[in-house]
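Handing you a structure now.
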Amino acid sequence: MFISEENVFVEITENDLDICKCMELVADPGAGAISTFNGVTRNNFQGKTVIKLDYEAYVPMALKKLQELAHEVGRRWNVCKVAVAHRKGIVLVGEPSVIIAVSSAHRRESLEAVQWAIDELKAVVPIWKKEFFEDGSIWKENEE
Amino acid sequence: MFISEENVFVEITENDLDICKCMELVADPGAGAISTFNGVTRNNFQGKTVIKLDYEAYVPMALKKLQELAHEVGRRWNVCKVAVAHRKGIVLVGEPSVIIAVSSAHRRESLEAVQWAIDELKAVVPIWKKEFFEDGSIWKENEE
Amino acid sequence: MRIKVLFFAKSREVAGLSEQVFELADGGNTEDLLHQIISAHPGLENVMKSCVFAVNQEYVRPCDKEPLKEGDEVAIIPPLSGG
Amino acid sequence: MRIKVLFFAKSREVAGLSEQVFELADGGNTEDLLHQIISAHPGLENVMKSCVFAVNQEYVRPCDKEPLKEGDEVAIIPPLSGG
């Protein structure tokens, strides 16, 4: 369930994320471009085989930070709408854990905004993932 | 119908483009990121109200250039898969005319590749759009 | 030699057709073809200033005097507006 | 004053609980709270080196000695790994 205010939509959910839903949310007759970033669970990390990831969130603060982040996109770029959805709980290989969608009149803004947004999300939103390797599991810090 | 070779999928079609289809095509267990760019019909251009766009393509050459472009992405960035779909014919406001999807292990490559790919597409793929304004129609050159 | 010419976008609108075969003397090149196209469709003179050719699906500027051969397909390519 | 402390990720695993109320003398700050948390959960000493606090959902470094008040919610925030 997305929290929506003006042109910002944010969500943290246990359910599968839906790219089409995010695209619909940011659709705008004045938009000529919609860029999206989808973080998906990869089957390997540092040479070890990953089976699944388990995401934990400090939900109230994470939602607040997602909204702040989405509003900041609107301040930095001339965009139409911003949607950010993040998964909680188990995310299997190939499934999306985060989807960021940004619409804008011209392509440059949405392409740049999406790039900034995922970097900012990883830096400020209180969410953690636990990687389940074939040989046991560890918490992973954001070395990226 | 996509033409596929190794990790490259290209399509020029009269049918609606499907973001989910493109996402499925570039899905890869080794991919941690999927970035997409969607060009959609905007309701205005230079202050005039646009009703629809009509796309024309030199199809055989356009497909060839799309494949070349997608392979070039693979040469320039460490990506998993690339899908590019372009519409032919009438595209109404809000509908996508082009979708580019790129998957990669880490986000940087797919985000940069998608940006390069749409710029390259506009420069080399023999496709033209005719803008139907409320007050009559003109061909539009790529001033962007 | 026979050269198949394809007209796209603006050039098709002005010429009023999408395909036409031109007869070119052997040893002819893209510039010769350009002149023949304009003499057949005077309205294209202006349009062609912003067009290039695609000879067998490879871009060529007419003024490059690229040699042509029997059966070549040459497309008139107005400025692109895809994406 | 009572401070509600939330444990996340690594800190929850080491402490073995996700929430605990700490009693802090009036005028206490985030550094005082840090010491109480570590004395209650010695295993956290190392973990806390790479953690920050979120006081009422705003990031604070414990060493900033941010003053606390009755009913504040303080979350232990290990290095993030969202996205």
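Which chain is which? They are A, B, C and D, in the order written, and residues in each are numbered from 1.
FYI, a contact is a pair of C-beta atoms (placed from the backbone, for glycine too) under 8 Å apart; a residue touches a chain by one contact, two chains touch by 3 or more.
Treat the numbers as computed from the prediction; the structure is a model and nothing was measured.
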Top of the farthest list for chain C, CA-centroid basis, is D
Roughly how many whole angstrom separate the Cα centroids of chain A and chain B?
23
Expressed in whole Å, how far the mean CA point of chain C lies from that of chain D is 74
Rounded Å distance, chain A centre to chain C centre (Cα mean)
49
Using mean CA coordinates as chain centres, what's the chain B-chain C distance in Å?
27
Residue numbers in chain A touching two or more further chains are 39, 118
Touching pairs of chains, all of them, please.
A-B, A-D, B-C
Residue positions on chain A within touch of chain B in the complex are 19-20, 23, 27-44, 93-94, 96, 105-107, 111, 114-115, 118, 144
Per the touch rule, the chain D residues reaching chain A in their complex are 6, 8-10, 13, 50, 54, 57, 59, 75, 77-83
Please give the residue numbers of chain B that touch chain C in the complex, ascending.
39, 55-58, 60-62, 64, 86, 97-98, 118, 121-130, 139-142
